[in-house]
Amino acid sequence: MKNPAKVNEAIRHLKPQAAPFEEEMSLNFGPQHPSTHGVLNFLVVTDGEVMHQALPNIGYLHRGIEKLAEMTPYSGFMPYTDRVDYLAAMFANQVFAMAVESLAEIEVPKRAEYLRVIVCELNRIASHFIATGALALDLGAVTPFVQWLREREFINDIMEALCGARLTYNYMRIGGVSVDMPGDLPDKILRFLDHFEPIIDEYNRLISNNEIFVKRLADVAVISPIDAVNFGLVGPNLRASGIGIDLRKTLGYSVYPDFDFEVPLGKGFRGALGDAYDRYMVRILEMTQSCRIIRQALEKIPGGEYRANVKKKLKVEENEVYSRVESARGEMGVYLISDGTDRPYRLKIKTGSFTAMSIVEKASQGLMVADLIALIGSLDVVAPEVDR
Amino acid sequence: MKPAEVYKLLIDRFGEDLILAYVETRNPYIKINNGYVQAICTFLRYNPSTKFAFLSSISGVDYPQRNEIDIVYHLFSPFLNTLCVLKTSTPRDLPELESLESVWKVANWFEREIYDLLGVRFTGHSNLKRILLPDDWEGHPLRKDYKEKNSYHDMETMRPDPLKVLREKNEKSGKSQ
Amino acid sequence: MKAFADKLFLNIFHIQAADSPYLALWYVLMMFLVSFILLNFAALFAGIASYVERRIAARMQNRIGPNLVGPQGILQWLADGLKMFLKEDLVPQTADKFIFRLAPYFVFAGLFGAFVALPFGYGIVAADLNVGIYYILAITSLVVVGIISGGWSSNSKWALFGALRSAAQIISYEIPTGLSLMLVVMLAGSLSTQSIIESQGGWPWEWFVFHSPFTLAGFFIFFISSLAEGNRVPFDLPEAESELVSGFNTEYSGLRFLIYPMAEWANLWVVGAMVTLTYLGGWQIPGVRLETIPSSVLLFLISITIFFIKTLAVVFIVIQLRWTLPRVRVDQMTLICWTYLVPIALICLIGTMIWMLAFPWKSVFGTAIRILMSTVGGSVMIWCMLRARHNYVIDKDRFEKLKGIPAWYPPWKLP
Amino acid sequence: MVSAMETAVNPSVRSAVRKYFKNIYQLFYSILEGMAVTFSYLFRRPITIQYPYKLDKPMDEIIPDRFRGILGVDLRYCIACRLCQTTCPIACIAIDLERNPETKERFITRFDIDISKCMFCGLCVEVCSTGTLHHSKIFDGTSRHVENLVLEFVNTPVRPFIKPKSIEDIPVDRSGAITRNKLKDFFDLPKFRLTDEA
């Protein structure tokens, strides 16, 4: 840009401490850009291929879901939670249902919990498809992304047969789930898993082990464990930095203690600990674990009711709760305050992408423009989840 | 260590002036004095017996009746496997609190969000700007008395409800009799 | 070319061309005819290659690909081209309009000029220049002028990024390209494309690629650096769509935009033909001596077919690479060039010199090494096929169980 | 850049050389493996279907029964309880009831659904006790005017459904095809346009 003063003026409100460079160029990365996942905007401050910093500018998809919650009855809010994170809608469903159940002291039937776990893990796999596939797509490899989309289509079909929707499931209800699974669904899921598990291996041969891909991600955008904690990273991003916090294990909510699974941690697979490749690889490894959980859940699933008796017009006593689940993007929390009426007094949704997004400002310093997309892709940021 | 024990620890350390109350709810919270948020959080984070390393979320709640805004901090300690909820109030007319940015970097964005949606100012925050809404937005939407403007930069914020339009049209033509 | 024109003149008018007063006119006429044919060949190839590439890519991604325009979508490229024709030609307001309009012509001229010196079969070459290789290297360098000026003049930061990347890329990769071509020039003793082919043989062990371990390395260096010069994946940095939106051609539209992808696909042929003629024995027919080819029309046609098959095989591999590999970063791109390709190319150059002196072409040891190396090359290919089969078999039954339909679907069968 | 520099400045020259050639080997090996994968896909069946040109079976059979498509209303069974109206979180259902002043009979005079607003959550269908409201299997509800997306199910006032004596009196004929035809009319006929008034 011709006028450095203008540049500094433009970025001043985003980052006052940014030292002005004489030969600086500010570049609008997004909101319409092929590899910002959703509508995001980064102001890239650069003087060539190497960036000084990328300043995220969010809010393009802010829909005020928290405000909407204050106007919607408890039972009617479930469809809105689908829209928080459209790639992993089940988790938002679950965390909201868990919050209300905890407040209203509703006992969820065992079968419903198992059904929840099955669909959540399927959804986690589907979400990681997009995360890992889109990362490969951002780095220029188109085929892996399409391969994963194909696999995701099977999961979408399963979900469609189960609850009638492919993306915005609205499957869970306060006190259970909306419908029991059809009789042939376990077989369908098992057949999918049989097909899918060797495909992970094949996918690794196609792209994960590819030397160019490894070189693009290894040692790029390293997030140290201290930074990860400081910036509140959650989920796979945190575990990639070597910190083994998985709410499924630590909290043991729902029926997760019944299952035998591992929490894959980043250990510097091909580079430093906590680099982009670790974040990618942790997601790939998590898929296998999700498959294990689904298999166990299908084996152990008890019969019986799938939905507790809940009043249609649910009123909750004055109380408050903060419930959390391990979503595909890490800890997703709902802070819910009830005031005795049939709608929440305040509902706050804490998402993993929001905190993951805030680290971009720091982690992007000194990266190249091409690495920025690797960083965003490996953090698996979903724009609507950031903005809510 | 249960939240009640954390409360006892805090009372021992800071006294009743700073740690106001311990309230039993689903997630019991500790009510703290709004002037000492940073000190208490720093203590909780670095004290070897608590080690609340993670700031899970910061939320703001508007209470027009009390004329106060509550700010709620959810701290999580993986070592104790405990969630610690700190709550503090700030007057609604001039909401102001200490920023926790020096304790957890992630507080930066959480506080910006609360500033954006509830209008709470955080002193010592490096970059207190609106984060979700445009910079020239008026009002703070999560306040209970917030009324949305009809237009923003000459753009309508509402579209006519087709159901209402249809009803009016039908009534005009006398179809619905 | 001149000889061919003379011969044609004799056959049509039954007088020696040199005797005719219209000699110059005849030559000009023939020149126009040849350039017309070449341009059309290049454009047709670019069009059809675009369709074929999309179909192949689709199959690699479990899709069908374009299949609506014409039978099996074979006219898709025409529809796309027509659409581009009808689009408005937008020039950004702040662009340097003259250079912006001029830039595509450089690209056009640079790539299509290369076709002049490329052979298609025995004796079929528009101009059998005695500096053919040098000419092709020189004229394809014109492309970068078009890319840089196009990217710079559109006054867009993304386009500028693309243009500068392209400059860095082409300047770096000219060197390994030139060095690895030098091996061939050394072996053939000529810069003419035809005589390079003529100095090779029909059988794999008579190709330059298996002449010595050094030429084998040189072959890969040449292949990689021609990918880089043609902006193909993994070196498509100038237009990296996920990084730079569309790179240097972001601001182009309509027919001016069409030139860029068309040149890219026409470049596929240039890459394929160059690799074929320098290292893979060109149009040489196994077991047939050169002198017998002109006497038989059949052999003549076979030579053309062989050249086309080899070229298209290389083109297929280039396409497959594009749909397999991610893109390298810009610093890795230069790094690959300067730390791997250039030093190895230099070593190969010296190594080939010594090899040529130590084991002449016809010596027993040289032949044995060539046969051995071609066997190794063949076994690597077989290993690749076995791996592909392994990948297919591993999921075959499970897919069949999942979907209820057989997984086998040969590529020539069209859905 | 950093990683490359680190590999270049290795303390041991020998291991650096080994790494140099290992890099080349790994590059070639992984590329060949990747190409083997893509090549094998040339022999696998395309997974996509050519909607709507070539379908193995009709769309109704492909779509599962639980599919949440555009809402359909079978007015014969509507008891006008308005549960759907109150349940809908976004208020896209409008039901009007009117009473004939002479005969004291109630009539449903309006049953409109604003499909442009509907988010297909299925909560209304869940509360509908008679099965009046149901999801059809229609998913392509495109229209040129957003106003056309208001589905009007009542043309002439309808009497609410009265529970028959036995369950056998209710015929089970709520198939997707009927609903489809029903809805088709609503899409084809431009019902009203906001622009007409202006």
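Residue numbering begins at 1 within each chain, and the chains themselves are lettered A, B, C and D in the order written.
Basically, a residue touches a chain if its C-beta (ideal position, glycine included) is under 8 Å from a C-beta of that chain, and two chains touch if they have at least 3 such contacts.
Source: prediction; values computed, not measured.
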| item | value |
| --- | --- |
| Closest chain to the centre of mass proxy, which here is the mean CA position | A |
| Subunit A and subunit D, separation of their C-alpha mean positions in angstrom | 23 |
| Intercentroid distance (Cα basis), subunit C paired with subunit B, Å | 61 |
| Subunit B and subunit D, separation of their C-alpha mean positions in angstrom | 36 |
| Touching two or more other chains - residues of subunit D | 1, 23, 31, 33-34, 36-38, 47 |
| Per-residue overlap in subunit A, given as positions that touch at least 2 other chains | 143, 150, 202, 205-207, 210, 212, 215, 368 |
| Of all residues in subunit C, the ones touching two or more other chains | 60-63, 323-325, 331-332, 391, 395, 399 |
| All touching chain pairs, where touch follows the definition stated at the start | A-B, A-C, A-D, B-D, C-D |
| Subunit C residues touching subunit D - in the complex, by the definition given at the top | 56, 58-64, 67-68, 320-321, 323-325, 331-332, 335, 339-340, 380, 383-385, 387-392, 395, 399, 403, 405-411, 415 |
| Subunit D-touching residues of subunit A, taken from the complex the two chains share | 72-73, 75-80, 82, 143, 150, 153, 157, 160-165, 168, 170, 178-179, 182, 202, 205-207, 209-212, 215, 218-219, 271, 312, 368 |
| Subunit B-touching residues of subunit D, taken from the complex the two chains share | 91-92, 94, 96, 98, 109-110, 112, 114, 116-117, 146-147, 149-150, 152, 191-192, 194, 197 |
| Subunit A-touching residues of subunit D, taken from the complex the two chains share | 1-3, 6, 23, 26-27, 30-31, 33-34, 36-38, 47, 63-64, 66-68, 87-89, 119-123, 126-127, 135 |
| Touch list for subunit A against partner subunit C, complex | 25, 27, 33-35, 49, 136-143, 146-147, 150, 154, 191-192, 194-195, 198-199, 201-202, 205-207, 210, 212-213, 215-216, 368-371, 373 |
